[in-house]
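The same chain A turns up in both complexes below, where it pairs with chain B and then with chain C.
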Partner chain A sequence: MTLWALAAQRLRRDRVGLASAAIVLAFLLVAIASGAGLLARDWGQEVAVSYAPPGFAGASAEHPSEANVPQQDYGIADPLAVELAEIRATLSGAARTKTKATALAFGADKWGRDVLKKVIKGTETSLLVGLAAAALATFLGTLFGALAGYYGRWVDDLFNWLYSVFTSIPYLLLVLAVAAVLGQKGILAVILILGLTGWTGIFRLIRAEYLRHRVREYVLAADAVGASNARRMFAHILPNASHVVLVQLSLHVVLFIKSEVILSFLGFGVGVDTVSWGSMLAEAPSELILGMWWQIAAATAAMALAVTAFSLFTDAVRDALDPRLQ
Partner chain B sequence: MSLLSVRDLRVSFGAVEAVKGVSFDVPAHTTVALVGESGSGKSVTALSILGLLPKGARMGGEILFEGRNIPGADLRGAQVAMIFQEPMSSLNPVFSVGFQVGEALRRHLGLSRAAARKRSIELLDEVGLSNPAAKLDRYPFQLSGGEQQRVMIAMAIACEPQLLIADEPTSALDVTVQKQILELIAALQRRRRMSMLFITHDLALVKQVAEQVVVMRAGEIREHGSVAAVYRSPRDDYTRMLLDARPRMDQPARTRRSTETILEARGLAKSFDGHRAVKGASFRLARGRTLGLVGESGSGKTTLGLLVTRLHQASGGELRFHGEDVRAVPPLAFKRRVQIVFQNPYASLNPRFSIGQTLTEPMRIHDIGADAAERRALAGALLAKVGLPEGALFKYPHEFSGGQRQRIAIARALALEPELVICDEAVSALDVSIQAQLLNLLRDLQDEYAMSYLFISHDLAVVKSMADEVMVMKDGEIVEHAGVEEIYAAPKHPYTKTLLASVPQ
Partner chain C sequence: MTYLVRRLWQFVPTLLGVVLLVFFLFNWVGGDPAYLLAGKIANPQLIENIRRSLGVDQPYWVQLWIFIKQVLTADFGASWSTNERVSQIFATRLGPSLTVLVPLLLISTFIALAAAMLVAYYRGSLTDRAIMVGCTVGQSVSILVYILVLQYFLAYQLGWFPVQGWGATLGENLLRYAALPVLVGVVVSLAPDIRLYRSFFLDEIGQDYVRTARAKGLGEGRVLWVHVLRNAAIPVLTNVMTQIPGLLAGAFLIERFFSIPGIGREVILAVERSDFPVIKAVTIYVAVATMVINLAADLLYRALDPRVQLK
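Up next, the complex of A and B:
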């Protein structure tokens, strides 16, 4: 039985781990469905009145069409009156006399958009940012850590110097600096910001793993049979450090989901045409003053559930991959 | 009445029964040796006496101390004390020696700080530490391995126990230090009239220290009797096998003649940050012969082995392979002809590689075998050579025992059919019975492939059974180099004489 099979066996015995894995999987499915356009495609539609409260109480109300309001034209005849009347006639019914709900199951935001759909769409954004940024940061951290730990000497000095520079700047300042340099907003920018600044912790751990394994006898033995440096680094040592990589990857997913929220809250996150948990929370302060609690509640609940499940799942994976078996 | 009697002791961890009904006595003023290989249950037995079994272990049977059933926790320190195998990890690195020796005195005897300090100095003096007052304020890492074990012994005798349990107290130490520690323990035992339960895997030691011996295997007692009787006429097959398995110092050496030199070192040297690990080694290796390299820890013998394989680059001197300077030989071509087997079979195999991957990797690198199928067939043949089934190809290292893993490591070295194999303590981590099998395997393979060995070991008996010539190394220097019969019969250098005198016979 391979070590991976043994790890899977241990994971299956961990009930908390399995439950959290199911929740993580559910979140991923929702995000994928949303990304594929199967869910919450129309999240931007104004389906309810502004700040419609959560609940099922209010029936739909007929909103008077603005066309019925008599216009004051100071006695001048509208030269486009006929054409406008025709356009209104073609658009009749549906749009102009559209019914807007006064209450939605999860409430509505300032523009009458469904909070549930925003949460679903936000899940897609936040998970995409978290996963992609964590993948980028883990890739960079692993590569740098492997090079530094394996080669030592000046290569190690170089990467340690880089590490010191990155860690000596306060994190938020660094993030804002990278954001300013990138000069654009959007999901890709957020992923780059988080990935390019977040590799340092992973670098340190992977470097330590390589320092430890580099002098192990199995690596010496690989050297003795003629395995190249690249082969020793990535075919021999990396699989033995893979549990660290995997655990760091999932830890950083959690971290970056939270970071995206902070970035969006500060206005450096995703643009106004995208919704994420962070941008939903960013709208919350002004709403809370007015007593509109449902948007922050929905976003917080989704985030708390996802982050907790991810963290527990990470713990379970770490326990399952513990390589201290003989 | 016996000081300690163990009656039908049973210990199990989950479904695994580690000790299966063991009974023996330790009479007063007597040393009883508990002998067995790894996994025999000897250490678990000792831990049960002191009530130090880990949580989750179930214990049955009776342990009587002076005829009374006392919980192990109440025996500890005052009546029974223990010395552990690894002095380095048994001492707390963040407390001074004085604090740790004094702790037992303050706790069990209720001495004041000043009194405890005074007593600690006396104790360190008693265990033969020079300048004990100064040593009291040192930290464990500032002492040598032998000094640390002396401190451990001082702690053990601090409260004047009636029974001393020594669990492999010398197996982490060099042979010359081992001799001193054994003499110390024997002297203390006589002076203080203690009993001792001496746990070891080494039958040669038993003869030196014990009056009675209990041989254990797989949780059961195989033989029990006086040392003299058991050694003269062992009744049990397993005991007999253990006694025969150990290479003997009085056996004739096997020597072969060969004139073709394949490797020659001249003034080979290596320094690490100013520390001169190897100070100019010169020797020749002939085809099909074995050169033994003997030395204690820190003598530079492993470094010399790594220099010969070119896994470390020499900082001075010259290495010639078939008369050619090795720096002119391409590394890959050199590695194909010179291989190494490391000491620890638990560390030298990549745990994430299947045995098949491990064995075919060198073939892939050196273009041996046309395709994957052919290489797999070759790997299967190698496994057969070292006595493992072909099904092992698809397994991973953790599924094998230490001896089997070392066989795999040997098969890996053979994959390239090298001319020279460096065996760096290749059998030292293994039980004696396994050791004997592997030494036989190495001899057979040497004859079959006409390989040369550089056989590095701290174990003089093992080296004698393998080598044609022997070099003795001390502090980075080769102090003596001679034919095997000559060096064992008439050592010239004083260090060689000390080393030979320290070997338990």
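Up next, the complex of A and C:
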């Protein structure tokens, strides 16, 4: 049996691993559905009154929404009241046929947008950033690690030098410095920032794998039958190091999802027209002061569930691929 | 001694690399700073003047030389937005950062060690598994949520701590203003630290000397707290040491939320204002600090464990 078949067998016996795999899969499906426009396409619509609390529409009759509360006029009559009322009547008669809900199952944000839909859309953004950045970082780390470990000598020195340069700057500081010079927001910018700075850990591990493997007999045999350097590196050694790559990829997804949240929170992440878990948390401080807890709760719950499931899944995959580590 | 000289000599290429990386980022990727500085209403004359005063009208190798001279003399000029000397900024911001970081590191290391020891003692049991799952869940919640929620409940709702602020004397800062930030930092770092230290302890528990200690009749408590802890001290120490430079800049979220005038908050402000001299300086300083601390950690191993050979 191959390594992968054995690993799959072990994984099937691991109940925590299977459960977390199911949750990860569910998150991925939600993200894909959201990306394809099947879910939460109208997340930007004003479907409820501002800060509609979580609950069901029937229960909301007792709480008159803020919009219906008459404003304090301190005894001074509004001179424009009549005209404004007329304008409002024509506007609502012509444009607005749909009434705004006073309560939603998961509440609404400042602009009356459904928090549930924002969470779904945020899942898409956060997972996209996490997966793409992890793929980029893993690709770079694997390539550099393979070159350094396989060729050794000055190639190794060069990449080790690059490694020590990148690791002597703390990760988040490096990310912030790159964000400062890029000066532009957006999903692509975040992916590039995280992916181009986050390859060092993977490099270290892959380099060690290649150092170990390049003197093994199967590689020497491949050399003897005339396999090229590239073929030995990627067709012969890489499959034997691929379990490290997979585990690292999964670990970095979690790391980058968390980093994206911090970047977006600080305003250096995704743009204002995109919603992510980080940008939802960024609205939370002013909401909490007013006692509106539902947006931070929803974003935190979604993120905690996704990240926990991903972490447990990574642990399960690692245990399944390398049974010596228990 | 020869070891020390050789290690210090190795700083040169790494530092040169950091300088090149920072230079590449800010002078090449970052674009022309004159447009940033001149603001929205800029005329060509103004831009030309700014370019000349910053030296960006010179060829790249001259600019690089200017930057290397700045690094060597530790004089990064003045902040673009406040015109304060960069060295002055760091001298005044270091104190508040350390006021939070030193108690944070001490308390969190101590608690994490005790908790990890406890978990290692009950290894494999339900307690162990429950705490490990709790740590995984705890780690998955963003640091932002910890800060926001703890600040909201403990400071704003219950009023146990000041919501934010900073005083004039060390004692006042330490007892009054740094208390909640330190608490938040401890809560955040506990989950990953417990997991890590538990794995260090479990590595040691399988060793022969532990079996010997048990065989000669020592209690489990003494085995863990004396024999295992001594041997696990080295990886624990590495972890604590390597956290320091990252914390110096990485505590920026805590410093920002609690309005602590430390280095982390300065970094965020600098990034928001595109204040390149400050970011450049902090990157170089922290890189140097990282290298020095790594060297110090290696020397400390030697002092702690005579088996360690420094090559």
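Couple of notes before you dig in:
Assume the second predicted complex is superposed on the first by the 280 of 326 C-alpha atoms of A that agree within 3 Å, B and C clash if a C-alpha of one lies under 4 Å from a C-alpha of the other, contacts with A are read in each partner's own complex, and residues count from 1 in each chain.
To be clear about the criterion, a contact is a pair of C-beta atoms (placed from the backbone, for glycine too) under 8 Å apart; a residue touches a chain by one contact, two chains touch by 3 or more.
These numbers were taken from a predicted model, which means no experiment stands behind them.
After superposition onto chain A, the partners chain B and chain C occupy separate space and fit alongside each other. Once the two complexes are overlaid on the shared chain, A:I169 sits against chain C while remaining clear of chain B.
Of the two partner chains placed by the overlay, neither chain B nor chain C lies in contact with A:Q9. Look at A:R216: by the touch rule set out above, it reaches chain B but stays clear of chain C. Contact with chain B, but none with chain C, is seen for A:V225 once the two complexes are overlaid on the shared chain.
Once the two complexes are overlaid on the shared chain, A:L281 sits against chain C while remaining clear of chain B.
By the document's definition of touching, of the two partners only chain B reaches A:P239; chain C does not. Looking at the superposition, the partner that touches the larger set of chain A residues, chain B or chain C, turns out to be C.
Here the smallest spacing between CA atoms of chain B and those of chain C, following superposition, is 6 Å. Comparing the two interfaces of chain A, the one with chain B and the one with chain C have no residue in common. On chain B, the positions that touch chain A within their shared complex are 306, 309, 311, 331-332, 335-336, 339-340, 342-344, 346-354, 361-362, 365-366, 396, 398, 409, 412-413, 415-416. Looking at the complex, you find that chain C touches chain A at residues 13-14, 17-18, 20-22, 25-26, 29-31, 136-137, 139-145, 148-149, 152, 156, 245-246, 248-250, 252-253, 267-268, 270-272, 274, 276, 279, 282-283, 286-287, 290-291.
Interface residues of chain A, counted against chain C in their complex, comprise 161-162, 164-174, 176-183, 254, 258, 261-262, 265-268, 277-278, 281, 284-285, 288-289, 296, 300, 303-308, 311-312.
Every residue of chain A that touches chain B in the complex is listed here, in rising order: 1-3, 216-218, 220-227, 236, 239-240, 242, 323, 325-326.
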